[in-house]
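Each of the next two complexes has chain A plus one more chain, namely chain B in the first and chain C in the second.
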Partner chain A sequence: MNEEVQRTLLEIADDELILGWRDSEWTGVAPLLEEDVAFSSIAQNEIGHARALYELVARAQGTTADALAFDRSPDEYRCAPLVELRLMDWAETIARHYLYEEADAKRLEQLKQLDDPEIAGLAAKIDREEAYHRIHAQMWFDRLQDEPRFIEALEKLRPQAETLLDSTKRGEHTPELTDLWEEMTMVRRSQPVGTTW
Partner chain B sequence: MVTEAQVWDALAEIPDPEIPVISLVDLGVVRGVDIDDRRVRVDFTPTFLGCPALEVMRDAMADSIRALGAEPEIQVLLDDSWSTDRITAEGREKLRASGFAPPSPRGTAAPTLVQLQSNAHRCPYCGSSETRLENIFGPTPCRSLRYCASCRQPYEQFKTI
Partner chain C sequence: MNEQEFLEYVQSGGQVETTDWMPDDYRAKLIKFIEMHGNSELMGVLPEREWILRAPTLQRKLALTAKVQDEVGHSQLIYRVVEDLGKPRERCLDDLISGKAKFHNVFHYPTRTWGDVGVIAWLVDAAAIISQKALLKCSYAPYARIMKKICWEESFHILHGRDVILTLMNGTGDQRELVQESLNRWWGPLMQFHGNPIAKEEDPMYVWRIKSQGNEEARQQFLDGYVPQIWELGLTVPDPKLRKNDEGIWEYSEPDWDELRHVVTGHGPKTEERLDLRRTARENSAWVRKAVLAEAA
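After this line comes the complex of A and B, so read on.
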């Protein structure tokens, strides 16, 4: 696996891990009980995709998926600012979900075409799970598409969604990533290096 | 020396950690068994990548191979080779009998909302197709929630992947 492919996989893994964290913040406080269930499940899937992608990269780099997920400093993550935002508004959350799934489908399609059968195979598996996320995002898009608040949220977030498909625009982070990282890595940092669970 | 048949029999005794009515063999996640003297390699495919039961399954398989006096090596295959189509006919029947609607067959294209909302889905309790989608997502990544208008029973439907 060449360095460019490793970097691409790491970008996607970081996006999925951080978005999974943000999605999980709706557990228990979504506007509908069914959406508590949906966003919790979507979060679980995204973090599962991150783990599988980290495992492929970790093997190429002689490290572990956990080390890649938790032992880097916030500025070393390659995620796009869109996934870092702590959105407290449902319209904005749905707008991000819709924009993210749209971009994610495009890059998964590219990965499925790669010559490396392991990467193409994993991308195909991820894509089958993502199909359900896309249906969910589309369902909410159809519901909210003529709501001014939703249209405004889409317009606000769309420029940031472009970073998802452009590696050269990555590397800048929002202060919200640091807060998320503090919480996400807190338990791991509190224990001696090498602790197993 | 342990035989391949003994290993398959042992794996068929391991219940799915979240849906214990079916075994790992019924679920179709065991893709191959390879024996080299005392070493037994099992090729294993995850169902959903975020499924928290994966490690439990992997450890349970290793334990059952050790119980046969052999050394386990569980190889996890992160590819697209598992599908809900791999659940055996027996496994599907066991699911239905326990109130879980088995998955529809995998089509050439990805599922659509129209398909999920169609009446192609039968209630595992009364067999009626007067059912509706309540939530694409459910208590675990592999399940959706549906409701049967005929017998007024909410139930869990396996997602097709």
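After this line comes the complex of A and C, so read on.
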């Protein structure tokens, strides 16, 4: 696997990990119990996708998925700012969800066309799950499209969504990523690298 | 059927469906009991959800998210049973956040470390499943039915919790210390969990056969199932009087019943903060429910 492909996979894996992390902030406090269950499922899917992608890259780099997910410093992550934002407002969360799924679908289409059958196969598998996320996002889009706060959230976040598909715009992070990273790695960092959890 | 006949019916193992006649007192007791169960599942989410964000591996994060998701799903199922008995979910949630309704003692305490994540999933869920298995024979059939699914899922939580604990106990000295320190804090609430040892014939929930075993019976079952495992892992139970006597009965120091009463009446160390979090979350998302309801109308 060449470096460019590794970098692309890492970008997607980091997006999925950080978005999954953000989505799981809703676990237990979502607006409706049904949505709580749904968003927890989505979070688990995204983390599962991140893990599968990290595993491919980890094999090429002689490391592990967990080491890639947790043991890098914040500036080494390749995720886009859109997924880093702490959005504990449902309108903003749904706006991000919608914009992300839209871009992710395009990105997965490209991956599915790659010559590497392992990557193309994984992309197809991920896409089958993302299809349900897109249905979910569309349902909420239809439901909220006339809500002023949702329209505003979409307008605010749309420019950020563009970086999802443009590698050259990645690498700059929001301060929110550092806070997230501190919390995400605090248990793991409390013991020496290589400790089993 | 009059009230006495109904009582004899449930006491001889009879079960009741939603549309069957039932005494008002029975209905009221059912609602109170099942609502508290639903509240407990929902409030039980809060001590653990903070640790989803700190889970130290991808696998642990997935397992913990799935566990917490199960608890929310349980509360959803349970509130539906309460709704069929005449109290809508929204009213249950209003009573919960206003502090009027109760939830289980163990969910009023802080989760301080990753060790707590293991102890909760293993031992708190073990104590809970003992109570819940005794509900499989509940005289109210719809509740007994959903309990099958709930018990099945809870048994996975125990496996997850045990695996977290085993990994820590096989790890560094600090990790083992994390478990012991956590067990020390949780033991008191765990011993209080099944309630004071009133004779089951005096417990209205038993009289109506809403539950099928007494409090002390449940506690003995917990001790019998788990103390040997705790010891086997090299952990110390923080009760010098704990022993199994020659008749096979577990003896232990008197649990702090004042603490239990104090905590479940809304004065636990984390009660206010957690109810506040629910209140704020509910206020901030009121517009979402309004939008959804408008669509449904």
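Everything that follows uses one rule, which is that the second predicted complex is superposed on the first by the 197 of 197 C-alpha atoms of A that agree within 3 Å, B and C clash if a C-alpha of one lies under 4 Å from a C-alpha of the other, contacts with A are read in each partner's own complex, and residues count from 1 in each chain.
As a convention for this text, a residue touches a chain if its C-beta (ideal position, glycine included) is under 8 Å from a C-beta of that chain, and two chains touch if they have at least 3 such contacts.
Worth saying up front: this structure is predicted, and the values here are computed from it rather than measured.
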Q: Considering only touches as defined above, state whether A:79 meets chain B (first), chain C (second), both or neither.
A: neither
Q: Have a look at where A:129 lands relative to chain B and chain C in the superposition and call it first, second, both or neither.
A: first
(Q) Contact-wise, after the overlay, does A:24 reach chain B, chain C, both or neither (first, second, both, neither)? (A) second
Q) In the superposed arrangement, which partner chain does A:154 touch: chain B (first), chain C (second), both, or neither? A) neither
(Q) Contacts for A:42 in the overlay, against chain B (first) and chain C (second): which applies, first, second, both or neither? (A) first
Q | chain B or chain C, by number of chain A residues touched | A | C
Q: Scan A:51 for contacts with chain B and chain C and give back first, second, both or neither.
A: both
Q: Mind working out whether A:177 is in touch with chain B, chain C, both or neither, as first, second, both or neither?
A: neither
Q. Is A:90 in contact with chain B, with chain C, with both, or with neither (first, second, both, neither)?
A. second
Q | Which of chain B and chain C A:188 touches, first, second, both or neither | A | second
Q) Where on chain A do the contacts with chain B and the contacts with chain C coincide? A) 34, 37, 40-41, 44, 47-48, 51
Q. Which chain A residues qualify as touching chain B in the complex?
A. 34, 37-38, 40-42, 44-49, 51-52, 55-56, 117-118, 121-122, 124-129, 131-132, 134-136, 138-139
(Q) Taking the touch rule as given, give the residues of chain C at its contact with chain A in the complex, in rising order. (A) 42, 45-46, 49, 51-58, 60-62, 65-66, 68-69, 72-73, 75-76, 79, 89, 114, 167-168, 170-172, 174-175, 277-278, 281, 284-285, 287-289, 291-292, 295
Q.
List the residues on chain A that touch chain C in their complex, please.
A. 21, 24-25, 27-34, 36-37, 40-41, 43-44, 47-48, 50-51, 54, 65-66, 69-70, 88-90, 143-144, 147, 149, 183-188, 190-192, 195-197
Q. What residues of chain B sit close enough to touch chain A in their complex?
A. 48-52, 78-82, 110-113, 116, 134-141, 145, 159, 161
